[in-house]
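Chains here go by letter, A, B, C and D, matching the order in which they are written, and residues are numbered from 1 within each.
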Amino acid sequence: MSPRKQTAGAKTPVGPVRTVEPGHIFQMYRKMLEIRECEDQLNTAFSKNLFPGYIHSYLGQEACAVGVCSALRDDDYIVTTHRGRGHYLAKGMALTPMICEMFGKANGICGGRGGEMHAADPALGILGGNGIVGGGIPYATGAAYSAVLNGSDQVAVAFFGEGASNQGSFHEAMNLAAAWNLPLLFVCENNLYAEMTPFSASSRQVDVARRAEGYGIPGEVVDGNDVLAVYAAAEAAVARARSGAGPTLLELKTYRYGGHFQGDPCHYRTREEEAEWRARDPLIRLHAHILSQNLSSESELDSWREDQKAQVAAAIEVALSSPDPDPNEALSFVYAS
Amino acid sequence: MSPRKQTAGAKTPVGPVRTVEPGHIFQMYRKMLEIRECEDQLNTAFSKNLFPGYIHSYLGQEACAVGVCSALRDDDYIVTTHRGRGHYLAKGMALTPMICEMFGKANGICGGRGGEMHAADPALGILGGNGIVGGGIPYATGAAYSAVLNGSDQVAVAFFGEGASNQGSFHEAMNLAAAWNLPLLFVCENNLYAEMTPFSASSRQVDVARRAEGYGIPGEVVDGNDVLAVYAAAEAAVARARSGAGPTLLELKTYRYGGHFQGDPCHYRTREEEAEWRARDPLIRLHAHILSQNLSSESELDSWREDQKAQVAAAIEVALSSPDPDPNEALSFVYAS
Amino acid sequence: MTMKNYCWALIDAINEEMARDPDVFLAGEDVAAAGGAFGGSRGLLAAHGPLRVRDTPISEEVIVGLGVGAAMTGKRPIVEIMFMDFFGLCMDQIVNQAAKMHYLYQGAFKMPMVIRTMTAVEMGIGPHHSQSLEAWVGHVPGLKVVMPSTPRDAKGLMKSAIRDDNPVVFIENLALHKIKEDIEDEEFLIPLGKADIKRAGRDVTVVATGLMVHKALAAAEILSQEGIEIEVIDPRTISPLDVDTIVASVRKTNRALVVTSAHKPFGLASEVAAQIMDHAFYDLDVPVARLTPPFTPQPFGKGFEAFLHPDKASIVAAVRELMA
Amino acid sequence: MTMKNYCWALIDAINEEMARDPDVFLAGEDVAAAGGAFGGSRGLLAAHGPLRVRDTPISEEVIVGLGVGAAMTGKRPIVEIMFMDFFGLCMDQIVNQAAKMHYLYQGAFKMPMVIRTMTAVEMGIGPHHSQSLEAWVGHVPGLKVVMPSTPRDAKGLMKSAIRDDNPVVFIENLALHKIKEDIEDEEFLIPLGKADIKRAGRDVTVVATGLMVHKALAAAEILSQEGIEIEVIDPRTISPLDVDTIVASVRKTNRALVVTSAHKPFGLASEVAAQIMDHAFYDLDVPVARLTPPFTPQPFGKGFEAFLHPDKASIVAAVRELMA
């Protein structure tokens, strides 16, 4: 009944080395700039107490969201976490309503009720963030199964951290997706820490990707700070999923520059480690790549950054001057009628 | 602080091929006979409606419980499942109170309140059965951690089925045990079916043992119908755990002769498959081994079987003539005082 | 009219809805090839094929998650959790995901899913297979909770649950699987949120769910011979709870008893008592009585269960006391 | 006497009990090296070492399981589930394992474990970090459930919880972490199952838990100026619930209000109302009133939360209505 070919067994993916169009590279770079600026400016705004709640910064991980989402179509699905802004933007969520949501404003994409950990856009296949670590992974299977039932070639992506890979939900979802051969990408962004706990303290296995073997599907470790590497791995995995060959686990090794949340003093890691990772900055690397390949000029790249900076600043201005939601709104939408 | 040596990384266990003392082999054979007779006669009694509830027969899997428990001491811990009678007996639970419990009698080991799925004996480290598939695995970690805290060299064993290996609890417990290097054996009895569902329908990975890799610990597939092979694998894993080298996952390939519960018509499998597995019967194999090695005589082995048959029959007689519990007893033991 | 048992009435409901709407599908442990561990989905695989009737691994959390994601993306899943006792494994997906999606995203996602589950109370099968935990989900906004007591109710409510755009926890009762009733052959629905008066009476309002409805009806026969006419109300859905029907009855009878298989503290009995107090305090001649099993786990064995659970005799006694 | 805040009072309690009894240990996410995600275990790692204060993976089900198995084998674990909102991931271990072990095996295993958890209600951090789900565990036999509202209660109750031979769900309140109180330097315990009269009064009994205790006390000041004296009762443990203290108060005041952060249906408010009806129906001048947030998920943001939750003003209004 399914239009997909059912292929059994696991093969380690070896994507063909393909040249990516400059236009596509520029898009990725601009998207990474947008995320970088968004996170930078939100951090500053948060430190000035301009909005409530928490802020789980995505700074440093930009290549992960952008590399993966660049391999997706608008009608593909993503499910994300408490650290979801990178994914929202990479999948195409409009900047201003997203930022207004972070500020808890009436014109936020969820009317301010979702806040920092929850945003969604059905038209773009963005199926929400989560306050529950690992809470999104199970329902990504359902989105993938909708695609199977519809006979479409859509795919679904579940983003999560290495800390979440210790949740039972990860295991159950990996196993179901593998057994049912679902068009689902599991994307683990291993930023080395879960709150204040290093992965080495919570897992004996260093590579989350090695867990794929237990489900008979491919697992791959990717440099999560190299957007082109992420894109290539995601593209191959997406192609496999679209063709009916089932799920893949990608582990993107990366680092969060900030603390777990803005304000965390990061006592649990060294300044040297932070500096090492800063040296592998995903934007600097793509910047260098673009220039070394003569795809564009320094001044053009600078102008893009200024452009994104201004757009984010403008969005924050909008958020600051936007009204708070009418509290009475809290009573609506409990049930669909 | 821990007296155990902490060793990192995973090695596939290769136990030295060791000769097992005849006396030990005889013990294993007699224990397997006890379980076989117990299961046979309980099935018959259940079919005659002599006791209530369900009966999840252990027939065919005897070598698993006996091989593993023969590698344990009285002060080691086990945690088991809905199909736990083999483990109870192999770990030394007295036959009559156990059978009385199955009959729901006042003199059952839990006063009749545990019934078919729940029995325990703290003095023998038997920490209970379970009605929740996968429900025992998490708390086996706690028993193992008690041993670590006490600086003892006790080990804990979690028994479970291949169906349970798809539960989140399996994953979380495996990961914690590996990360904490707990003296814990995970023993998966892969009898090919979970209720009416073959493992192939619920897992793309054929071997549960391959899941160990994801936690950085050894995983081994063992012929679960060869008690000496099970014993050798368990002994090596127990030694590793006692020495502080951490957990092991053993997958024992086996088969349940009966249905999921007594009365299940087994439409979901073929009579050929059943016959194939009957040909690999664990008792017949050990019987043949004993004779081929001239360790004992056919007539002696027969006499042991008669002996066990009689003991089980006597225990069932006791159960049949034992009083039902006083229902008022249901009100006691809700809280410790 | 055709005589149907409770189990087949449910199968019919699902079968009809699957035929009516291609977006409906069923997934759970042993629901497909085996036709349900307790026969609750016989014939559905053959009728609707392996994609729409599908066996899952033993993974309760992802079974519910599958439903959540499918509902968000346009399907109408029925996901089965074999026993309600296993809710401890999947409450996160039910409560934090399914129940809150429509609210959080301001209706951007409809959540038309049914979580089909079962209680096996009074079947003698012990502590992990006989709990009545409906209060857990009744406490959570965004969920609807259904507990039918008759074959016809089971069918009509299941059809409504499948058509509802909210997550509905549908709790069937294994002890009722074999009871029979004549059911019309034409299509019908029973609305969620509407109680049913199973027997009219003037003296005491008896609110009962599931198995207890039948015990209350049996008690009614005995009491009737003594000249006491109880009105037996089955809320059928405990969330939303049809307070109006209950209160209207109490206004007439001035006395009420609530009988449940669930425990008393934080259970339906307390909830109904509190609602009656809210809306009919001045109509009450005596305090609302709550009849439930004592606060213990369920031991194995029917002897213990019969002792612990309300029955005809204890209902009769409780009603007599209210009339004294 | 030393001035202590609620958070440090809890740390002191655990620290003292760990010093007193080598079988006590603490495990949970970020409890060791980080001293607690919200500072709730600062200093304990240094004082008691890495085996007795230990960080776990993000694996709520096995965190509770670790406690279950350790308790069965002679330890006295404190296992931490960072927020009560995560109970959906570990209810099976709490309810089917921890709560039933002592019962099922006829006391063969004691279950001395504390499940330390937190509600962050009214901290503005959204639907997955601010639920008040105590009713779920209050509904389950075999568990005790503690919800302290003051630093001294928190300390004395935590010490009792650690010494108790049953599984105790200990729910702290993040919004109260910084409130301070003078606490005696000598050792003391506060028994589980004993309510505390936080303010004596003659006119209306106000039963409140957690944060609501403080709001009720603030309301009392205002009402007192109007000549209305409310008696504020904090049950402190909701299972077992100290019905006697509540009922004795209602016998005197003839009026009662229950105020909770938890939802109304199947919640503490309904339970207390039903209990008062049971034991003091004829003493009531008016029905027991229940003041709770409306039946919605918790949206993000303090504006919504302030709107939804009972506060001083709504308590004052509810009491005035009871007196009208």
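The rule is simple: a residue touches a chain if its C-beta (ideal position, glycine included) is under 8 Å from a C-beta of that chain, and two chains touch if they have at least 3 such contacts.
Only a predicted model underlies this, so the values are computations on that prediction, with no experimental measurement involved.
A.B. asks: Taking each chain's centre as the mean of its C-alpha atoms, which one ends up farthest from the centre of subunit C?
C.D. replies: A
A.B. asks: Counting C-beta pairs in contact, does B-C beat B-D or the other way around?
C.D. replies: Looking at contacts between chains, B-D has the larger number.
A.B. asks: For subunit B versus subunit C, what separation do you get between their C-alpha means, in angstrom?
C.D. replies: Going by mean C-alpha positions, subunit B sits 37 Å from subunit C.
A.B. asks: Measuring from the mean C-alpha position of subunit B to the mean C-alpha position of subunit D, what distance in angstrom results?
C.D. replies: Going by mean C-alpha positions, subunit B sits 40 Å from subunit D.
A.B. asks: Can you check how far apart subunit C and subunit D are, centre to centre, with Cα atoms defining each centre and the answer in Å?
C.D. replies: One centre to the other, that is 30 Å.
A.B. asks: Can you give the whole-Å distance between the Cα centres of subunit A and subunit B?
C.D. replies: One centre to the other, that is 44 Å.
A.B. asks: Using the touch definition from the top, which residues of subunit C touch two or more other chains?
C.D. replies: Residues 56-57, 59, 61, 85-86, 88-89, 92-93, 96, 103-104, 127-128, 141-142, 295-297, 299 of subunit C touch two or more partner chains.
A.B. asks: If you look at subunit A, which of its residues touch at least two other chains?
C.D. replies: Residue numbers touching two or more other chains: 113-114, 118, 130-132, 135, 166-169, 172, 175, 179, 201-203, 334.
A.B. asks: What does subunit D use to touch subunit C in their complex?
C.D. replies: For this pair, the touching residues of subunit D are 61, 85-96, 99-100, 103-104, 127-128, 133, 135-136, 138-142, 239, 241, 262-263, 265-271, 273-275, 277-278, 281, 284, 286-288, 290, 295-297, 299.
A.B. asks: If you look only at subunit B, which of its residues touch subunit C in the complex?
C.D. replies: Checking each residue of subunit B against subunit C gives 52-54, 104, 112-118, 130-135, 163-164, 166-169, 194-197, 201-203, 267-268, 324-325, 327-331, 334.
A.B. asks: Taking the complex as given, what residues does subunit B use to touch subunit D?
C.D. replies: Touching subunit D from subunit B are residues 1-2, 77, 79, 110-111, 113-114, 118, 120-122, 127-128, 130-132, 135-150, 156, 168-169, 172-173, 175-176, 179-180, 332-337.
A.B. asks: Going by the contact rule at the top, pick out the subunit C residues touching subunit B in the complex.
C.D. replies: Per the stated touch rule, the residues are 29-30, 33-34, 37, 55-61, 85-86, 88-89, 124-129, 294-297, 299-304, 306-308.
A.B. asks: Using the touch definition from the top, list the residues of subunit A that touch subunit B in their complex.
C.D. replies: Listed in rising order, the residues of subunit A that touch subunit B are 8-10, 166-172, 175, 178-179, 181, 201-206, 210-217, 246.
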